[in-house]
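Letters are used for the chains, namely A, B and C, taken in the order the chains are written, and counting of residues starts over at 1 for each.
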Amino acid sequence: MIKPLLKAAALLGASALVAQPALAAVPDAEVVSAGTAYIFNTLLFLIGGFLVMWMAAGFAMLEAGLVRAKNTSTQCLKNIGLYSIAGLMFWVIGYSIAYPGFAEGSLGLFGIAGFPYAMQGVSEADTGTGYSVASDWFFQMVFCATTASIVSGTVAERVKIVPFFIFVTVLTGIIYPVVVSWEWGGGYLDSVHGFSDFAGSTLVHSTGGWAALVGALIIGARAGRYGADGKINVFPASNIPLATLGTFILWLGWFGFNGASQLAMGTVGDASDVSKIFVNTNMAAAGGVVVAIILTQVLYKKADITMALNGALAGLVSITAEPLAPTVGQSILIGGIGGVIVVFTVPLLDKLKIDDVVGAIPVHLVAGIWGTLIVAWTGDATFVGQLVGVLLTAVWVSAASAVVWLALKYTIGVRPSEEDEMNGLDKAEIGVEAYPEFAR
Amino acid sequence: MIKPLLKAAALLGASALVAQPALAAVPDAEVVSAGTAYIFNTLLFLIGGFLVMWMAAGFAMLEAGLVRAKNTSTQCLKNIGLYSIAGLMFWVIGYSIAYPGFAEGSLGLFGIAGFPYAMQGVSEADTGTGYSVASDWFFQMVFCATTASIVSGTVAERVKIVPFFIFVTVLTGIIYPVVVSWEWGGGYLDSVHGFSDFAGSTLVHSTGGWAALVGALIIGARAGRYGADGKINVFPASNIPLATLGTFILWLGWFGFNGASQLAMGTVGDASDVSKIFVNTNMAAAGGVVVAIILTQVLYKKADITMALNGALAGLVSITAEPLAPTVGQSILIGGIGGVIVVFTVPLLDKLKIDDVVGAIPVHLVAGIWGTLIVAWTGDATFVGQLVGVLLTAVWVSAASAVVWLALKYTIGVRPSEEDEMNGLDKAEIGVEAYPEFAR
Amino acid sequence: MIKPLLKAAALLGASALVAQPALAAVPDAEVVSAGTAYIFNTLLFLIGGFLVMWMAAGFAMLEAGLVRAKNTSTQCLKNIGLYSIAGLMFWVIGYSIAYPGFAEGSLGLFGIAGFPYAMQGVSEADTGTGYSVASDWFFQMVFCATTASIVSGTVAERVKIVPFFIFVTVLTGIIYPVVVSWEWGGGYLDSVHGFSDFAGSTLVHSTGGWAALVGALIIGARAGRYGADGKINVFPASNIPLATLGTFILWLGWFGFNGASQLAMGTVGDASDVSKIFVNTNMAAAGGVVVAIILTQVLYKKADITMALNGALAGLVSITAEPLAPTVGQSILIGGIGGVIVVFTVPLLDKLKIDDVVGAIPVHLVAGIWGTLIVAWTGDATFVGQLVGVLLTAVWVSAASAVVWLALKYTIGVRPSEEDEMNGLDKAEIGVEAYPEFAR
């Protein structure tokens, strides 16, 4: 990093040459040069990308706060590990699967699809695209990581580290990219059914949700969670402020998740749209929180904090399939119904003896389906088209996840010994307790 | 921070002049097209907005760390709830009150002032403003939430959830927006007294501070806090690193709070001004920290961490009324005096038996007044004009808050039973303990 | 979110209508006016700056999580204090030393070099530079603070607050700025040896590392750490999720650290380069994590979470000297070797009885040297030139640090009494326990 004066001088010289237009016909307020638009588009990907990357920390804190203290270190390791694996796998193969048309030829710079280029630097000349290819890749990669984060929460406290990481490897390298290829990659769902999923209620959240649900079914509940007599034993969260922090981080990151999914900020219209997305995203989350608080206060005479946190997240997932088209009022309503979903689906899963440690299935799967279907009302899609997308994703992700989880179960094994589970995974798997001086 | 329309108009006028080709008089380095300026202005609101949104997490962590463990879940719930309520209320009515001139006609798209449009999407065509109306609304909304966050800290550990949320509803829907209308809305304080409050030392921080002070007086101290014999019982903070994290979050968010209150980044001059604001904001906080550490080390032979954290915040509040005009040296001085205020006002409140759990009154009210008055030295305002603004805000916010707190006290009641308070609000109000495995 | 190529094509078509003056020689996509470039460059400094500022919170959380509970408040205070002192010292004198050519004349607006201007506001007219001088100063300042953060981790739990802050004052005011002047300031290393250190593997991280190593040697190990019989007593970290949070914060901040060290975003090429840096930075960290997990799993049959966290950080430090030139594959490799360094150097230090509480010496010093030397392979530098830079930094920082630490040791003393150390610094130095309700 040489002090920038010399560099800046060169830069000023160059751009001084090219600044003046003379096209009176074009409204002045719309004038943005292609070079400037390129930088704005790239900047949107970068800002959106680092905000979504930050969501990895949000999931880590949410999950670390909601598990029992004896499994907290494991949950931290799983989260930083899955984020890393997701990045590597999306580079090795995922991106090529997700965007087949973009992984060949001049853009085929990532992973095996462009194998000769696999070790080459991220694109040099990509002005034809209107944005930096590397910035787009970064933004797409962090979405891939999000999908894996969803799974780790549901199956927490009872899956060993090695099989978990193997599952993540397949999920981020193959299962998720295939879903993406159908829609954002311009494939079947996009071209045939007009399926619409702006930022991923189905592609990201339901995908993670199905993988989590199938995992929960195959792996089974935590030891002692459901008594033989039908009694449901509550395993209380160990650290509520940590879970609260995680939720706030996710809320913040979601401005990048939804806002930057506009994919462009180089025109006045795009900048305006990104802004509307910010507002709608925020208000859907607010709706989810307020509804969850009111419902639990009315139903249980207590305002349940974990329901409020999951209400925020369900509101966010609900608006993710279409955060631009709805009015603010519609967004509050859509998010608020997300809050309703959480309050009623969490106990329902317990009745079905499906053990979802952090409530990821209600938040990401059920609210994800809700958010996707309601686009038929607010957006530019049909109910049938949306349903096809939901069902196709359900079938593929469930089947593929089942194959992987079952293969792991019957080979290296997925669960720790019951003794290890009772003592906590931190002792057995990590060797480092999360709170050696506090926990009883 | 005058509402940006006038400014934007000037800006559009100016840049309209320079966007065209043959104006040799305009320095080349100033050439920014109106479309590009629109995107930059919008981007400033969005980045500033998400940084200030993040402050909601900062207040949550600060307060969760400073209360006792038995009230931590409640404090988390109050914070995520108040942020949500603030967004909803600012949409329903707050924005219309705060910016009456902007909530009618083509811009009347929010809440009741533009009732027929209340459910309509956030503005489509707003190129006349020089920025996206939705981005501005988002930025204004997060300021509204900040005001409520201040109150929750002072009255923590002894207010039930329902009356607290009702107070927040009135504060964010009416009390705060009225104050804003006087100044940023172009009203009485702005037009008659030349009152100057760049980013809200008075409008946001003192407003929150007065509401908190009146609340503390009407609600009374926590049970057992002040002994009959005049003894002050210290209730130690339960989680110092959490409070530290909260302070760092607030510090980070303040770059958005003050920096984006420039309200424009579409000219070279505005970008330069935003940068100066970043530097001055940072240095005022640094001054507050160093002064608080030195003072407590000298006075008590210990460097008090909570004083250092509040010193940072007081430094930030102090510079908020005018973060652009001062030199760096002046900023350090102004922030440093904020640190002095904290060290001396915190024990003073205890002598007066005003129970402020997190020190929000010294930080937001007293330092907010200090920061507002000193603008007569550093900025473009008179001492009398500033004093009128401080006093008018004091009278309105105190009176209105007193009415609401008293109404709540004598109807549904504000405080939990003494038994519930001793057992902690988490058990009585939430049903979820914050740290079930740790806390004694 | 359909893949943006189609959209971008349309967008390019649209803007192609309005962009062209009549300069056929200049590619359309390159058209960015000087004023627009100025704003983009400034914005890069501001975004990069607030991300690196946020790293101060990352170090605070990482260190607060890795020390024992009885020293946590002290660690929090040291971190917020050092960030504040760094800002003040970089203003008073540091920037003038680091950038001698820029601290005089019209740019001499900071600190003593431009003494008459020391109290003046940050630059008014700096269009000649192509960016706001204040934004650049802000960005440089947060780097200075990072250097100090590194030291506080290594020498934690056994240094009194006052001598620690005095060391930080000298480090940030003189020792670090001198190193910077040699390279980024355009001095000896840059002009004579073609030394290359893009974002500071040596200038920031090794500098902090040498200061930490010399401190650890002079101050000695924590009481009871190394038994007389050669036994190494492990003092377990008190709060693993806090350390995990700190690592995620640092990872996030590193996008600013490396990305904004491009120092410009006002051209298509610069925006593309910043994007590549984001990708490479992320992938190096991912490589470090995965390697650390696999190695500890293989070597110890446990996946060590603190090794994984330090693996991420070592990966980040390793790529910092040249995050632009390498391919993605090279970046993963470089970061992965950072992970190897952590896994083998941490136990090595213990064998040498060098007590590094958080592992900062492996992460910042050893990986910093590795990252600097490997630029001879990936970047535009010679092995000898890089080695000279490493050695010169080693000699200067070690010698200067030794002088300061020794002077402190033999005057006011550096260590607390053994009784105070056993009881924890929080009681002796701060008077506020970090977790009064939890810790045993």
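Going forward, a contact is a pair of C-beta atoms (placed from the backbone, for glycine too) under 8 Å apart; a residue touches a chain by one contact, two chains touch by 3 or more.
Only a predicted model underlies this, so the values are computations on that prediction, with no experimental measurement involved.
**Q** Pick same or different for copies chain B and chain C, depending on whether their interface residues overlap by over half.
**A** different
**Q** What are the two chains with the most C-beta pairs touching?
**A** A-C
**Q** Roughly how many whole angstrom separate the Cα centroids of chain B and chain C?
**A** That pair's centroid distance is 31 Å.
**Q** I'd like the Å distance between the centres of chain A and chain C, where a centre is the mean of that chain's Cα atoms.
**A** From the centre of chain A to the centre of chain C is 29 Å.
**Q** Of all residues in chain B, which are in touch with two or more distinct other chains?
**A** If we look for residues of chain B contacting two or more partner chains, we find 21, 28-29, 31, 33, 36, 43, 47, 239, 245, 435, 438.
**Q** With touch defined as at the start, can you tell me which chain B residues reach chain C in the complex?
**A** 21, 27-33, 36, 40, 43, 47, 51, 68-69, 236-241, 244-245, 247-249, 251-252, 255, 259, 265-268, 271-272, 274-276, 278-280, 282-283, 285-287, 289-290, 293, 297, 300, 302-306, 308-309, 312, 325-330, 332, 435, 438-440
**Q** Could you list, by residue number, the parts of chain C that touch chain B in their complex?
**A** Residue list for chain C touching chain B: 21, 33-36, 38-39, 42-43, 45-47, 49-50, 53-54, 56-57, 60-61, 64-65, 72-73, 76-77, 79-81, 83-85, 87-88, 91, 110, 118-124, 126-127, 132-135, 137-138, 141, 161-162, 165, 239, 242, 245, 429-438.
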